[in-house]
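Here chain A shows up in two complexes: once beside chain B, once beside chain C.
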Partner chain A sequence: MTFNDILLMRHELLLTAVMLLVLIVDLFATGNNRKLIIPLALVMFLIITVVGFLPAQYGKLFGGMYETSGTTILMKNVLNIAVFIIFLQSVAWLKLEENKQKLAEYFVLILSTLIGMNLMISSGDFLMLYIGLETATIPLAALAAYTHHQTKSAEAGIKLILSSALSSGIMLYGISMVYGTTGSVSFTEVALNWANAPLQMLAFLFFFAGMAFKISLVPFHLWTADVYEGAPVNVTSYLSVVSKGSAAFVLMLVLFRVFPSIVDHWQKVLYAIAVLTMTIGNLFALRQQNLKRFLAFSSIAQAGFILLGIIGASSLGMTTVIFFVLAYVFTNLAAFGVLSAISAATGKENMADYNGLYQTNPRLSLLLMLAMFSLAGIPPVAGFFGKFFLFTSAASKGFYWLVFIAVVNATISLYYYLLPVKAMFINKNENPIPSFRSDFYTKAGLLLAAAGTLAIGMLSIGYEYIASFSFGLQ
Partner chain B sequence: MTNYSYTLLIPLIPLTIFLLTGLSGHRFKPIYSGLAGTMGLTMAAFLSYITAIRYFFIDGPVNGMYPQIKAISTVWLRFTDTLHIDMGILIDPISVMMLVVVTTVSLMAHIYSLGYMKGERGFARFYSFLSLFSFSMLGLVLATNIFQMYIFWELVGVSSFLLIGFYYEKPSAVAASKKAFIVTRFADLGFLIGILMLSFTTDTFDFISLTSSTGPAIASSAGTAFMGLSVISWALILIFIGGAGKSAMFPLHIWLPDAMEGPTPVSALIHAATMVVAGVYLVARLFPAYALTAPDALHVVAWVGGFSSLFAAVIALTQIDIKRVLAFSTMSQIGYMMMALGVSGYGDHEGLGYMASMFHLFTHAMFKALLFLGAGSIIHAVHSNNMTDMGGLRKYLPITHITFLIACLTIAGIPPLSGFWSKDEILAAALHHNPVLFAIGFGVAGLTAFYMFRLYYNIFWGHDRHYHHTPHESPLVMTIPLMFLALAAIFSGFLPFSHMVTSDLKPFEAHTDLAVAIPSVLIALAGIGVATVMYRKPNTLPDRLASSIKVLYTASLRKFWIDEIYQFVTKKILFAGVSRPIAWFDRHVIDATMNLVGWVVVTTSSKIKGFQSGQVQQYAAVFISSVILLVLVFVYLFSN
Partner chain C sequence: MDILSLFVVIPVVTVIAIMFAKNLEQTRWISATGMLIQLGLAAFLVFSYLHERNMGNTAHWLFTYDTVWFSSLNIHYTVGVDGISVAMIALTSIVVFAGIFASWEMKYLSREFFISLIMLASGVFGFFISLDLFTMFLFYEVAVIPMYLLIGIWGSGPKEYSAMKLTLMLMGGSALIMVGLLGIYFNSDPTGAMNFTFNLNEIAERGIPIEAQRFFFPMTFLGFGVLGALFPFHTWSPDGHASAPTAVSMLHAGVLMKLGGYGAFRVAIYLMPQAAHEQAWIFIILTAVSVVYGAFGAIVQKDLKYINAYSSVSHCGLVLFAILMMNQTALNGAVIQMISHGLMTALFFALIGMIYGRTHTRLINEMGGLMKIIPFLGVVYVIAGLASLGLPGLSGFVAEMTIFVGAYQHTDTFHRVVTIMATTSIVVTAVYILRVVGILLLGPVRNEHHFSLTDAVWWERLSTLTLLVAIAAIGIAPLWLSDMINFSLKPIVERIVAIL
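Moving on to the complex of A and B:
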């Protein structure tokens, strides 16, 4: 193994380096010096985000267990951008007295899950995939329970770890059956030896259920709302954007690479799951009062839309999925950014608290409105283009009914996405959330998210860039 | 080949200034917004002139043909691998010519407004809107494809709406801006359908491939027919409807006279020189497609243009409001341009009409902007739009007077002023094609000379009126644009247009046809003569004439009751006959259905909330049973 081979793992290695650096600095930091970890981690992470975009070599490592390509690097870069914005938005919350002592943990835990996700994306066999999955999941439970003195946060952690233990079990069971019937766990060999045996079908479904759990597709979504509600806002935004996005990427990659021979079968599964997910997600989102819970169900419904891009199994579909996730990153982080800023300043997280917000915090209100419009898919913001492209890709493969159902669901979703807007702009409130000033990091995070929401739809460069790395079955 | 990518700056400068002054204009003194806008436009104009000089004179034709250069092009929205909307910049003879027209007139309007709008509330807003308009219009003329043009077309419509309604406290201005927006928007529906039909048949939006003689548009023109015309012809006719709406062609012209509610520099810029000729530009852009595949559509263009020009000229004879006279004159002259396009053939000398149309567009922009800015200067002096409140102003407004006279002579077609040359080519092309259209054009030339000099004499000659205070000449910042445009109006006729802007991009020799030129000058002189007799000195002749042909006079004064017809059709027929039943249906059937859907959704939502119990053991149970259910369904579906 040469130095150049090791460089193939550039993303993972850099993340590990930053993680270790933060850990070591934390060991020696005392008292107020701890605060310096924040700019250190941010700058380091910004650097590796930028480095991630530099041209890289593609190839395989460890006998094909690990591989990189333009597509995987692109996906990792999307995740990096999201994590950078989340870091910026977390600063105000991390500086609170109660979190000061353990702020390094936050960075370390997030970075370690991110390494897991990168490994999942780059995995060339099921074993690596599973290792990545666990690396990504277990620290997440710790993150959800970050403010463990709060019952809800602790509850979120325990629920997440219990549920994912179950889903990992099922998935591992599926993988063991894959190995049992094909004699290999490598993606290429499994695809070659696939014989459509009944046991293999079972294996596929078990594996799929495990991934569906991560993306929180209905009916494997039940953990989502409780965990999202209980976890700190920034962890929730990480769960809903990065964790979900990476799992969607992995599901797409595995379906395209390992299961092309049963494409007719998994298209039917995805069809049913997509309809269920969009509809159920919407029905539950309608009645949520807690904004984190509200966004949890909204993110379930959005995950249903993602399946529209995967189902066509085309290169266009892959482009649209990656683009949608990117648009969703900016949009959802704009929404969560506002939530996080308000939560850090006042601790309020309910829709009713937002009544009359426009009077006191017009900029935050406008930003949240922008995010809601984008989630609902109103042109010309990013969310509109994301949905439009997904629908195009599904329609181009003839899934007209699915697109129709998706359009109906998008229409229904408009109702609840406008509820927060109504609360902020129309509803009267005797004592609304007082106006407050945010620090530099929060502002930068919000600005990045807003700029992305506005720009990536209008500027086509991003879409064309993604399209150049996409591949499909046909 | 020369690199023209710097032309991207030409639209981007006004955009930047719009964003700057629009977002933070209120933080500075208003005058800074005005100066910023003017400076930005100066830069844009400078770059446009450089581009024009390089394109026409330094680079010139390559192999006897002007190249069509895509200076910049990027895919903006991809529908399929072949069909995508691009954003880019197309450099070719007409776009370069329009660059010069738009930036010149816009710059003049910017400078002029520094004086004209001085002290107005909303001065900064006015300038930011002007920048927005300049950006949109430049984007429109530089568009590489029809969809990009459509996007900017709508942006131009929006900025026109904003500027017509600039005095938003005046109900008439608000009504006029709404009217302009709705009428043109209505016409744009035709444009959009046309674009969709065209792109569906040809699988491209791109102008170069749509107009290339080997391109898909021309190849598929022989395709399916509907009511005797090919799909391409229908598409092009629908696209022309969009152009007719923007260019105020009969019967979609009703918004233009009302649009004069906007500030006068806006009328000069948008409603005389640039936006209203967008329709002509659109047809010219697609001209090879019209000429080679859809001669029927071209006939429609010719007749609509010819009729509009006559119709508007007749109305202009009797109007009292000087801006409305000019508005109808604009409509009439644009009709001329449309007619010239309609009678033109493709290639070489056959394309005389095309060349003449573009030539007239250029000269008209200069002298009509001059007329409007002159009218603004007059209105500035006497605080009224009506010629009954004016008279004898030549003593008080010497510069305005001379420049206005030059413009009147130009539009009347007196040699060697620019209007003569371009109008002469149009008439020659019409004569070559169709004697009836030539007769219309010829008659309009006489009418034009008459009503312009009626206007001129009524304003500058005759009795002094009882002015509240002595009228005085406008400040230099307003008269300099007048003088500049007067020079342009005099000399722009000497540009060798047939060597620059032609239907097939190849230069050709155009000659002045004396058999057309002499009669057209004579009829112009006749028109001026009649106007001199009737209006030079106050007399009773006009009144006697008006009462002897009372019906015609009233019809013209009331603009042939077209507005009233629209009112009748919309209010009495559409609203009562169609909208009411639809409204009932909407309220009782559609709303009820929607309420039902809402009720179902909310009820289901509350019924199923039990699933979300918060019990993690229940979640696990659901998880396992879902997997089992999935397996069962799978077994059932694929058991064979």
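Moving on to the complex of A and C:
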């Protein structure tokens, strides 16, 4: 193995290095020095994010278990951007007295799940995919239970680990069937040896169910709301943006690369699941009072929209999915950033607490409004372009009725996305959340998210850059 | 920068300037200055448009500008105007200008109010200059969404309900439009070379397969029809207008509802004429119901704003009705009706806002004899009413006359019967206008407190007179307007006739 081979794993290796560095520094840091871990981790991670964009070679390692291409690097970069913003937004919360002692764990756990996700994206066979999936999931459960002295957080951790274990089991069962019928776990060989045997169809369904659980598609979504509500805000934002985005990427890559011969079948599955996911996610979001639960159901509905990009199995579809996830990263992190800032300062997380927020915190209110408009798909912010392009890719393959159902759902979703706007701008409140000042990190995190939400759609560069790396079935 | 993009840039610059305003006074004057520049620019546009035509420039679209936006999807930012859009732009700038002065006294969160109002205006301007369906749709939604805040925050009565209803219904309409646009896009290359486009002209030249038209025409027409208050999707209009603050009602009824008519014509009819011809009868019936039902609805209302809102349903129904007739005279009437109704209804809503600001009631039977107390507002109200019921010499007459003449050019029984039914709305309109004038302005003063009311102040006079002058100008000299429109309509109608 030469140095150039090692460089292929640039993303994973750098992440591991930073993770170990944080771990070691934490060993020697005492008392107030511990706080220095925060700027250290942030700066190191910023460097990684920037390095990720440098031109790289593509290739395979370990006999095809691991491979990189322009597409996988692009996906990893999108995840890196998201994690950097999440780190910035978590600082105020990490500095709270109760979290000070274990702030290094937060970084270490997130970095290790991120390594797992990168491995999933780069996997060239089912084994690597499974290893990546487990590496990504187990630390997540620890993260969800991060504030374990709170019952809800501990409960979220248990729920996440139990349901993840079940879904991993089902997925592994599917993978074993794939191996049993094709004699290989390598993506290329499985695709070559696919024979449409009934057992293989079952294997596909089991595999799909495992991934659907990660993306929280209906009917595999039941864990989502409870875990999102119980976990700390920043972990929730990580779950809803990075975890979901990476799983959507992986599902798309595997469907395109391993299952092209049964594209007619999985299009039907995706069609049904997309309709269910959008509709049920929306209907449950209508009545939520806790903003984290609200965003949980909204993220389920958004996942349904993502399927509209995958279903076309085209290069246009891949572009639109990556672009949508990028837009969603900025948008959802703007929303979660506001939630996180307010939660860290006041501990309030309910919609009713936000009544009259504009009077006291106009900037946060405007940012949350921007995020809500973007989630609802109102121009000229990123979400509009993301959704429009997703619908375009579904329409390009003639799925007009699916697009119609999706736009009807988008209209329904507008109702509940307007509710926080109504609370902040229209509702009156005797005791609104008092005006407060955020620290530098929070501001930077919010500013990045806002700038991305505003710019990513209007400037076509991002879309064209993504389009240059996308591929699809012919 | 090209002159048309300035119509979007100036409002945006104004909005940014308002963000730095320190107090109410500055906010007002920045808004007024920005929109005065916009009005001047519109006048300049009309002048240079006529100049180009006089110089013998026969290109359909003038002042075009084109730049690639998303190259892999062939989405362009393309702008250009013909006589119809120039007229709409002029209308918009007049109404927005008047709207700023009508909300001079807006004290609660004034900065935010003017920002939302001008954002809405920039969406409307962007819509009228766009030649690319993607940007057109983008601006359409930009124009719709500020309504939620404008009604929800600064409205009156059941404002939250009305704001939500209006936003959801209009966005539901735009959902239909989105599907329609995607359908048009993916059927825009009959050669099969996958060279799709959103460009209005290119699509019209290439033509869309008839099977696709049958599916996407009703979607697009209904989508725009919702904004044009097409029966039975008009219900957002009375509630929305009644709850909205004055300037918002003006802008919404005056301009925003015209987006529906304009879009239905430019996108649905122009791009899919065969399906329009086949299916027109369904929508003609619906629009005729709008026209008559709106007028009867206005008769029984007691709230001034509801009366005017139902009257808008009736008049905007007439626009869609005329568009569906698909001949030169009726289409010309449709455009003039859009302009005329835009000015007239804006004036009505401005007056209602001013009267309400004085009497604190909008119920007609709680007021009376106001003509003696506030003669300026009273006289303007009567003139606006006469324009609305189609008195010759004012804009409404020109518009309605042209529409009905155009509609009657169809010789078959169905069109004639429907036209005759729609014509009855003129009589009903006269009833509800004169009834209001009689109760509200004439007769004895019913409320003693009203004796102390004061007449219009300068900004109110400026606002109403701007609109009044425009109404009278169209009524007295309609030819320059209808010539401008006719010149651009002719090739469109000829193309449609050739295809059918």
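Assume the second predicted complex is superposed on the first by the 474 of 474 C-alpha atoms of A that agree within 3 Å, B and C clash if a C-alpha of one lies under 4 Å from a C-alpha of the other, contacts with A are read in each partner's own complex, and residues count from 1 in each chain.
In the analysis below, contacts are C-beta pairs under 8 Å (C-beta built on N, C-alpha and C of every residue); 3 or more make two chains touch, one makes a residue touch a chain.
Bear in mind the structure is a predicted one, so any value in this text is a computation, not a measurement.
The wider contact with chain A, measured as residues touched, comes from B rather than the other of chain B and chain C. Using the contact criterion defined above for the overlaid structures, shared-chain residue A:Leu283 touches chain B, although it does not reach chain C. Once chain A of one complex is fitted onto chain A of the other, the partner contacts of A:Pro379 are limited to chain C, with no touch recorded for chain B.
Of the two partner chains, chain C is the only one touched by A:Ala410; chain B is not.
With both structures placed on the common chain, the touch criterion links A:Phe62 to neither chain B nor chain C. Look at A:Ser460: by the touch rule set out above, it reaches both chain B and chain C. Contacts of A:Phe440 after superposition: neither chain B nor chain C is touched. Once the two complexes are laid over each other on the shared chain, residue contacts for A:Phe53 go to neither chain B nor chain C.
Shared-chain residue A:Ser396: touches chain B and chain C both. In the overlay built on the shared chain, the residue A:Phe425 is in contact with chain C alone; chain B does not reach it.
Under the contact criterion defined above, the residues of chain A that touch both chain B in one complex and chain C in the other are 392, 396, 415, 460, 463-464, 467.
Remark: chain A residues 316, 319, 373, 378-380, 384, 388-389, 391-392, 395-396, 398, 400, 403-404, 407-408, 410-411, 414-415, 418, 421-422, 425-426, 460, 463-464, 467 touch chain C in the complex. Listed in rising order, the residues of chain B touching chain A in the complex are 74-80, 87, 598, 601-602, 604-606, 608-609, 611-612, 614, 616, 618-620, 622-624, 626-627, 630-631, 633-635, 637-638. Residues 69-73, 75, 134, 138-139, 141-142, 145, 148-149, 152-153, 159-160, 164, 167-168, 171-172, 175-176, 178-179, 182-183, 185-186, 215 of chain C are the ones touching chain A in the complex. Interface residues of chain A facing chain B in the complex, by the touch rule stated above, are 158-159, 162-163, 166-167, 170, 198, 201-202, 205-206, 209, 213, 219-220, 222-223, 225-226, 265, 268-269, 272, 280, 282-284, 286-287, 385, 392, 396, 412, 415, 460-461, 463-464, 467.
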